[in-house]
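These are the structures in question, set out in turn.
Shared between the two complexes below is chain A, which has chain B as its partner in the first and chain C in the second.
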Partner chain A sequence: MGEKRKPRFLENRLGIMGNIVPWVLMIRDNPERVAFVLHRLTGLLLIIYLPVHIFVTSMTVNPQKWEDFLRLEENPLAQFFLWILFGSIVFHGLNGIRLLLVEGLGKGIGKPEPPEPPYKPTSLSSAQRKWLYAVFAIWLIVWIVGGIILFREFGWV
Partner chain B sequence: MPRESTLHLLLYATAGLLAVFLTIHVALHAPGLFYDTYKESVQRESVRRNYENFGWALVALLIVAVIHGLVGLRGILLELRQGPRWEAFVNFLVVFLGAYMLGLGTYTLLTWLGIMHFGG
Partner chain C sequence: MGINANGRPATRVVKIRVRRYDPETGRRWWQEYRVEAKKGTTVLDALLKIKAEQDHTLAMRYSCRMGACGSCGMLINKMPRLACETQLLELGTDTVTIEPLPNFPVLRDLITDFGDFFKKHRDIMPYIVRESKKENEEPYREYYMPPDELNKIIRYSYCIMCGLCYAACPVVAIDKKFLGPQALGQAYRWVTDVRDEGLRLRLEKVDDKHGVWRCHFAGSCSAACPKGVDPAQGIQLLRSKLVALTAGARRDKKPTHVATPTTVRYVDVGDAPKPTVEDKSLLVKHLEETAQELEQDLPYVAQALRDYLRTITSS
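Right, the complex of A and B next:
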C-alpha cells in the first residue's frame, strides 16, 4: 500500500493572487471556486472596459474621429481583445444568471441537513453543480463559435 | 451610501435587467442578425440607426450597466482592504466614475438626437 495521502485544507486567506489567478488554487472538487474567480476576473475586465466603451461611443458623433477609431480596430490585437471581451461577457452573463438563481432565489442548493461527518454540504451535490457545468460548457461553445465567426470576418481563418 | 443589503439587491436587480439589455446589445453586433457583418454593425450609419430605433433602450442599458459595474467594483475593492478612509475613497471613486459615465453617455445620446433632428 502506498503512503496515505495528506489531507488538503481550504485556505481561508488566499491573498490577492488567490483571487486573481485560478491556477494557484490547489482545491479539488470545487468548480464553484473557479467560477467565482472567473466571475471576478471577467467582471473586473468589463468594468475597466465600460468607461472606455462609453468614451469610444461618444466619438460616433464626430465622423472623422469615428473613422480614425475604426482604423484602430483593424489592429489584430484589438480584434483579439474583442474576442476576449466577448468571452468575458458570455461567461459573466451565464454565471450571473446561475448566481441569481442560487444566491438570489435560493434555487438548486438542496435542503439543509444536520451537520454530520464528512460534512459535505448538500449544495455541492445539488442541481446548482449541474448548472455550473452547463455554464462552463455553453460558455466555451459560444466563445469558440463566436471566435470562429469573428476571426473569419477579420480574415484570420 | 445606501445600506449594503440595498446595494446587493440593486446588484441582483440590475443583473437581471442586464441579461436582457446586454443580449440585445451584443446581438446588434452579431454578424447575420441585424447586420451582415460585424464591421457593418459599427459603421456610423448603423450606429445612427441604433440610436434612432433603440435610443432609450441604450440609455436604460447605460444606467443598469453603470450601477451593476460600480456596485460590483465597490464590493471587490472593499473586500481587498477595510477602513474608514479606504471606504470613503472607494465611495468617492464609484460616484465619480458613475457621474463621468452617465454624463458622457447622456451627452452622446443627446448629441445624436440633435444630429437626427437638426442634421449634422
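Right, the complex of A and C next:
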C-alpha cells in the first residue's frame, strides 16, 4: 500500500482577465463580445463619473469656486479625460439602445428555426449584427468629430 | 514524404503544445510534441497518436470521435472546439496550442470536471413537467406534437452538452453561480415546448440575478457552439418572455396542439404502420418454437411470448 494520494483540482476560471485580455480567449466572428467588454468598461467609467458630476454641478452655487474649476478644466489632461468620457457616453448610449431591443424585446436575433449545416448561429447573423456595426460606425464618427472640435482650441488638430 | 496531386506535400509535421496539469503535485506546464499530420487528421487523432507513440501519460477524454458525444471539448488555438471535429491542417498554424476548457475545474491534463455544469442543467428540469401528478409519475404513452411546434425547439434539442459555450462565456468566467448558456438555452427549450406546463417552476430558477438577467449578450456561446444550437438567441427569447410576463402581458395560453396520455388527441398523426410480414403463420411458428426453447431456463419470457401469440392470433 502506497501513500494515499490527495489530488488537487485546478480551478481554471478565466476571471476578469479572460474578458479584457484579448489573447486569453479568441472567439471567431464575435464582435458582440467586443461590444460587451466596451459596454462594461464604459459603464464602469460612467458610474464612477456620476458622483463626481453631481459634485461638480454643485460647485455652481459658489461662482468663485466654479471659476477655479473651469480653469482646472483648461488643462489638456482634463480635456483628454473629457474626450474619453464623451466617447464612453456615446458608445454606452447607442449600444444600450441595441441591447434594450435585443435583450428586453427579443428583436433582431432571428427566429428559432431548425439549424442547417454549416450551423451558423442565427442570432449572430440577424439584424442585431447590422445594428452593432451601425453603433460602432456612429460612435467612432461622433467621437472623432467631437475630439476635433474639443482639441481645436489647443491647436492639436 | 509523398506529394499530393496539387504538388503540395501530403503530410506536414505540426508542433503541438499541450497545457498539462498533474493533480498529485499541482504542477502545471507546457509540453511540446511533433506529429505528422495529413489532410483529415483531427486534433483528437494527433493526441491519440501522441498517447500511443510518444507519451502515454497524456490524459484526455473522448468517446465517439464524430462530434456526437461532446466529450472532447478543448481550447484549441485559444478557441473552444471539439477536438474530433477540428482538423490540424485546417487550423493553418505551424504550432497548435491545446489547453483544457476554461471555466471548468481541471482534473488532469486536458480532462475537466463537468459536475457543476451538469448540476446546473438538472436545476432547470430538462424534462416535460405536467400539472397533473398522474401524468408526471405514471406516463404510459408518448405525447404528440405537430411538426411546426417541434421546429421551434429542435434547434435547442441538438445540444450535446460539450461545454464549449460554458467555456466561451465571459460571464461564467466571473460568476461561479451563473447558470450558464447551456442550462439557460435548455430552459428556453423546455419552456417553449407545447407539451410542457412547468413554466412557473422553471422561472423560479431562471428569474434570478445569477440566472437569465446575468447574461449580457456577448454572443460567444453561439459563436462557439459546434451544433448551431444558438444559446444566445434562446436566452434573449426567454428573457423577453419574462419581460412580457412581468409587464403584465398575461396573454391567455393558447390551446396547445398537443395530445397527452390523458387528453384527447387533437393532432392526427396517423396509425401505426401495417406489419411487414403479411403471412402470420411463419411468425406464429417461430414464436412457438422460441417459447418451447425458453420454457426451461426463462419460463416468464416463454409465458410472455405465449401471451403475445394469443393476441396476434385472436385479432
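Rule of thumb we're sticking to: the second predicted complex is superposed on the first by the 127 of 157 C-alpha atoms of A that agree within 3 Å, B and C clash if a C-alpha of one lies under 4 Å from a C-alpha of the other, contacts with A are read in each partner's own complex, and residues count from 1 in each chain.
Rule of thumb we're sticking to: a residue touches a chain if its C-beta (ideal position, glycine included) is under 8 Å from a C-beta of that chain, and two chains touch if they have at least 3 such contacts.
Just so we're clear, the structure is a prediction, and the values are computed from it rather than from any experiment.
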Chain B versus chain C as contact partner of A:P76, first or second or both or neither: neither
Residue contacts on chain A - larger count, chain B or chain C: C
Which of chain B and chain C A:I89 touches, first, second, both or neither: first
First (chain B), second (chain C), both or neither touched by A:G104: both
Chain B versus chain C as contact partner of A:P51, first or second or both or neither: first
Footprint overlap on chain A, where chain B in one structure and chain C in the other make contact: 16, 40, 99, 103-104
Touching residues on chain B, where the partner in the complex is chain A: 12, 15-16, 18-19, 22-23, 26, 30-31, 37-39, 42-44, 47-48, 62, 65-66, 69-70, 72-73, 76, 80, 97, 100-101, 104-105, 107-108, 111-112, 115, 120
Contact footprint of chain C on chain A as seen in their complex: 5-16, 18-19, 23-30, 32-33, 35-37, 39-40, 99, 102-106, 109-110, 112-117, 119-124
Of all residues in chain C, those that touch chain A in their complex: 21, 23-24, 26, 28, 75, 77-80, 100-108, 112-113, 151-156, 158, 168, 170, 172-174, 176, 192, 215-220, 222-230, 232-234, 236-237, 239-241, 243
Interface residues, chain A side, partner chain B - complex: 16, 40, 43-44, 46-47, 50-51, 54-55, 57-58, 60-61, 63, 66-67, 70, 73, 86, 89, 93, 96-97, 99-100, 103-104, 149-150, 153
